[in-house]
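I've put the structures underneath this note.
Across the two complexes that follow, chain A remains constant while its partner is chain B and subsequently chain C.
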Partner chain A sequence: MNKTTKCTLNACFILCILSIGYGERTKDKMYERITGARGCYRRLNATHQIGCSSERDGSTGVIFYAETTEKLDFILHNGTAPPYIPVMPVKILTADVIRKLIDSGIVSGLVVHANNDTLDYFTHDYQCPNPLSSLDGTCKRESLWNPHGTALLFTDIPFPIFYLEEEEEVWKIRDCFKKFNDFDYDAQADRPLCSLELKSFMYATTDTPTCKRRSSIMTNLNPVKFCDPLGDSNIWSSLYPLVEGSRNETVPLRNHKYIVISARMDTTSMFEKTAGGNSPVTGIVTLLTLAKYLKGILTQDDINRAKLNILFILFNGETYDYIGSQRLLYDMLNGYFPVKGLHETNDILPIIRPDDIKLFIELSQLGNNMDKLYVHYLQNSTQIDSFYSKLRNYSEKIKDVPSSMPPASLHTFMKKLPSFPGLVISDHETSYTNHFYNSIFDDAVNIGFTYDPNATEQNSLQYFIANVSEVIGNSVYETITGKHYSGKYTADVVLVNELFQCYLEDPNCKVHRATQKGKLPKVPLSLYVGVDHVANYATTLTSLTLGWLTADDAGESNINCTNNPRNYAFKYYNMSKSIQELNVTRCYKITMNTTDAISPAFIIPDYNWTSGQYSTWTESTWTEMNVRIFLKPSSAHEKMTIAIGSLSVIFSFIFVYFVKSRSHILFTPPLPTEAPTDC
Partner chain B sequence: MTVCEFFGCTFLAFGPPFAMFIFTIASDPVRIIILIAAAFFWLLSLLLSSMLWFAVVPLRQELAFGLVFSVFFQEAFRYIIYKILRKAESGFKKISDDSATLIENKHILAYVSGLGFGIMSGAFSLVNVVADAVGPGTMGLKSGNEMFFISSAAISLCFILLHTFWSVIFFNACDNKNLVHLGYVVLSHLIASCLTLLNRYQNYYACIIPLYLIVSVTGSFAFKVAGGSYASFKNCISIK
Partner chain C sequence: MDLTKVSNEKKLSLCQWYFRIGFLFLPFVWAVNAIWFFNEAFRKPAYEEQKRIKKYVIFSGIGSSIWLILIVSWVTTFQLNRARWGAFADYISFIIPVGTP
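== the complex of A and B ==
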């Protein structure tokens, strides 16, 4: 308190420039923060760094507001006050433009902003996503999976890039540009210019091994963590428990085989924001709907009779070289799945190995083409052929694409086990129908989703996804029971509708309210895999949802709904009975669990980084990301200031020395006081 | 980078007092002690003014109110340090190597304590401004203009010099019971401080030019009080 008042009064005393005499600093008048800007990170793999970073104390540059590439060219050729920071609509963000900006050498940052342009495509992943960890020859030159991909996401860009969504903030920048910069370009260097400071300094450089070495206590006595491995958790759940028997004396069902139904859990984007409408949300929603549908039509007896259970797996980190599936396969091959450290003959859970998987069905992007569904597989086998013919029986829309495999978790399995029986169901045949793959615009609009509380519109995405779930569900039913499904049970369209809302619009949706009590911010959850030591909300919520949809009712909801005595095969939760009856809770016995989705590269001691065997992605650490506008003084003014200051010092030294040396002449000594008389 | 502005402004405001310190103060420990004591007394006056400002809630937004009272507090403390220094004179005799000049020429005490006052007030008015000048930006985005920093530095220098001169005049006036000189000091201090109120209209010249006029008038006055004259000035130059 005292400090503020002191400062304030002193401001009153001499410099009353601050028109409000409160504890406001001069700084507050000089800088204006731009809120809501989303930066881009730096990531590293075993050999490269990608993404962007600012200078350590922020990159600064003069604002140039460019609506078109022509305007951008103008400043790149005629700019007289470099460095510049162009501010441009997101539509111009292409590989060519970035190349041009880098080559010009006068650009120190970039801000792209959203506007009302309709985009035809916007995807910055590779044309062949995950090129290094996919099977060779699956991405053909004449039919690239992601033909519009610019690969900018995987380019090392030497300046920071920010994405600005709020129109108001864009106007702030634009107004400042118009007021100070947008005239008389030849004489720009002679006047103060409106500039931007972009701060997003990334601590890691070069590649993951370098960063790991620098962060290690063995090489550095005071290690600072420069990067974190990308990773989160895979979610899995079985349709019916992996064990049987009474609650306290369960025995694992060792001789069961499995049908795996999987989807990916994550997406990414250039900036600190993700959307993920078609990839992965359509896959996740279909998987969850399918889980509920299968729970409804298959009984424990069907499973026991066929000795064929169903495993639902959501892989995380698949965007970055299949982190989740690589780890899961590594765990399975080592006998660590479902839980690490169990002996072969334990009495807790059966150990599941890749051999136990009879069929692997992967749900890829499903939302951009409602007329056809494509079944991709690499080689024919009896399981695949028979499953395909079942699918075909239930729907005319299904078409197979032999010898084809779009980027999918299945690549990981087939790389290790070439005859692994797997197929991928997707909405695309030879290249993505999703033109916004792994970008901020792969949103609800992209897949044509509008929330419809009662789900009445028959031609909607919701009905399509419910339909797809039924077709796949019926085929799985037939595979397990050997009978054609003729029951009345249907996939829950209302659930589909709610699930889409959960992921694309509001995380406080009915499904999440049914499974947990937390209150979440009303912005879509990030589906970026993130770094290993931070748990994603999306993963936790999805795991609860999957658990809930495959749960068995365990009686009344009360405080005794706990796992006591502990049974490692289950979890017990109180959850709502259904999305229609949120206030009626029951106790549920859940088989869902999670496993680490952190690349084996980070857990194998002395892993050979150059082997290319596993994903090695890490994300650099950083402390702050912010953007502010300020006025950059002209260099003439700066020179004048320092000249005046230096002159003042030199002159005063000479003058004071002169006066001091001649003070006896300059000042006549005062008359001597009367001599003390009584000394 | 406006590190240039930072150094420019710091040099401008603190170059002259630094030169004065090096050549006239640093050689004598007693002078340094007096300088620090004076600076401390200026801080006490600031403390009292801020307490008053804090206590009178309705007038907190009024710069002029705090400013006027602050001037009176400063002058009161100038009187207090005068009294103390005069009382302490006999003590200085015992500890100082150069006691003869220090005691005989009473203006030296006045000059040293004035510089102490000035340096502290200059530091307080400028330090947090130049601290903000280091960043990449300058004034003018929302209000003010490019001249803000250099004007602030010039005004600070002005007040550092004024405090030195005022003390010389003030001490002499107290010795001689000269109320007119005392009145001049208080009045010119009030006027100079009130001139800075003009800065909010961003017309820095309107403030700086009259301020430097006051500096030159007060400076000549102090020169005269300290025993200088036109003749001695001429003497001084011609001998060279």
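== the complex of A and C ==
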């Protein structure tokens, strides 16, 4: 064995030993990570900041496990070792409790955890959602849309809040609390206490103009992005193409008018997790089912004869002052819809303006009341009246609510165009039947959904949604053809069932497997709009689904299923034939497309932030969001440590001084080797 | 540089140059001058150049103190008013702290 091989072997051996080593910093060893905690973060609009932030290095506090508000009061009045971090069940997270915690001044953070309590309501949106961007007078004091709303979601909370779902982690905290903290409260300061460190430090403060300005200052030596605008994409699709003619020579159908069927795409919650069962999933599922149903009963000829096409639009970011609809209307008014930059007389696509919309049907929350459906509209018009009477003909359950308009994308259109013909279909008359609006508990349980592979249960949500789709679909059919629908085609209950599963339980559902090949995580997809430069999975998957359900068959599935030569009116995709035949693929010609759902406030140069015209929501950036548990030493111990540290520093100075002053005794001076020559 | 090994004329010229360079908005040079030549100016037995060195040391000391007062008062004013001044404060900053108004 030569020297080099030996050396290499030795090096390998040393590396092996080193790699078994446990490379954790000593200062981190005193902590234990709490996994799965979902933080609350900061958002900003033109005038305010909302949400939570921790201190720069994390907020720490002594754990106090409180099952009830009485226990919480006890520690707020008798705590001797502040600051505290209460850990409490999610049920007592109310505006009153938060106010109390802020006022006490001895709370540095809060952890709420899930348990088996049944909740009557849990919604932290406003009592009148989107108050500044909705039409004045549509939310009345005697009939608030969201009466249980605490508005905590829109409150600036000076400490971090985390939501903990994992039971094991809650037990870990509880056990530590019982062992070290939960006795002899008067002398708590004299002993080591179990504590938490919550880290969720937010970079942005004050308001959107401030953080946008700070993110774009050129002279800044350390450029930091403080916040990002909220935004994603709106999805739209037409029932039949907006153009006619053979593939390479299509011409836009300029004289067509449109019926818009819309729903919202997003929800939100106080924490970094969303559910969205009733709002928006019931609306999305109804829209998608309706798309398939209408594709089945209406033909291209019907559309051409009536010169009336159908546009399906899913608006994104509606929770935050109608971002998606504000942008779409802005685009429409500027001639940027469907695509920006087309000339009025182009030969690619017709330009669609608000005047071209003959009727706007918005599907709101539909899953919490299966006995009645309400049709809200503000003013009577022939279109609305005749559509309502058609709905009424097809179902007894329909009831109209004149001069009423729950929070909906339609507000955006009616604010700019007061006589815009639109109506909102919902499960509520004067206030939400959904008591968990925009919260983590607006889940499958809230709307009573259980996956039923063959959809046999007649009284289920699935049948109800299919039925609603048929009623609306038949009325739209009658509006377009002028004839009562008497065919045998029915809405697809199995599809409804699958779609609910896609959004509420498992994204790897049959519908998503039919439209794309990617593998997805087995947790429900987030329906929070997110920030503008990140595309949401949910939006992409929904756009494929909508495209698929309104697609035209373009022949055999093969590698030639591409948009070549390019036609801007279509996309071509290979997709499964149906959810029952996932392995049979066909080539589909799709009219679906997306448009930016980013508020016009961020694209208009020198936008006047104080005008209140458009949504200005941004989300702060942050680097870390986590929770750790540790044992905080008693204050006597802490003081002792710092005293010993300081003393040893002082002694070391004295020692070095003495060594230096007596260096000639301690060290023999070097003898000069040669005599200096220059003296 | 060890001043004990330098001739008195060299000391004077060094002190003089430090004093002059300080006028280029370099208060630290004045501060260094004042501290470095303090012993030469006030503690050493009198020699011919000492009088002029003393003068430069005193003026450098005064100059750097004025600078110190100005800087401290500006920093205090700026830090106290940064949030209130809004856009103006941001535009004159080279580093903007995160998470503070």
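To be clear about the criterion, the second predicted complex is superposed on the first by the 608 of 679 C-alpha atoms of A that agree within 3 Å, B and C clash if a C-alpha of one lies under 4 Å from a C-alpha of the other, contacts with A are read in each partner's own complex, and residues count from 1 in each chain.
Here is the rule we go by: a contact is a pair of C-beta atoms (placed from the backbone, for glycine too) under 8 Å apart; a residue touches a chain by one contact, two chains touch by 3 or more.
A quick note: this is a predicted structure, and the numbers were derived from the prediction, not measured.
Undergrad: For A:Gly487, select first, second, both or neither according to whether it touches chain B, chain C, the two together, or no partner.
TA: Touch partners of A:Gly487: none, neither chain B nor chain C.
Undergrad: Should A:Pro605 be classified as contacting the first partner (chain B), the second (chain C), both, or neither?
TA: neither
Undergrad: Report the partner of chain A that touches more of its residues: chain B or chain C.
TA: Partner touching more chain A residues in the overlay: B.
Undergrad: For A:Thr668, select first, second, both or neither according to whether it touches chain B, chain C, the two together, or no partner.
TA: First partner only, chain B.
Undergrad: With the two structures laid over each other on chain A, which partner does A:Gly341 touch: chain B (first), chain C (second), both, or neither?
TA: neither
Undergrad: Looking at A:Pro565, would you say it contacts chain B, chain C, both, or neither? Reply first, second, both or neither.
TA: A:Pro565 sits against neither chain B nor chain C.
Undergrad: In the superposed arrangement, what residues of chain A touch both chain B and chain C?
TA: Dual-contact residues (chain A): none.
Undergrad: Name, in rising order, each residue of chain A that touches chain C in their complex.
TA: Chain A reaches chain C through residues 53, 56, 201-206, 210, 213-214, 217, 219-222, 224, 226.
Undergrad: Residue numbers of chain C touching chain A in their complex, please.
TA: Residues 83, 86-87, 90-91, 93-96, 98-101.
Undergrad: Considering the complex alone, what residue numbers of chain A touch chain B?
TA: Within the complex, chain A contacts chain B at residues 2, 5-21, 25-27, 29-32, 58, 60, 176, 192, 194-195, 197, 629-634, 637-646, 648-649, 652-653, 655-657, 660, 662, 665-670, 672-673.
Undergrad: Spell out the part of chain B that touches chain A in their complex, as residue ranges.
TA: Listed in rising order, the residues of chain B that touch chain A are 2, 4-5, 7-12, 15-16, 18-20, 22-24, 46-47, 49-51, 53-54, 60-61, 63, 66-67, 70, 104-107, 121, 124-125, 128-129, 132-133, 135-144, 146, 148-150, 152-153, 155-157, 159, 193, 196-197, 199-200, 202, 226-229, 232-233, 235-236, 239.
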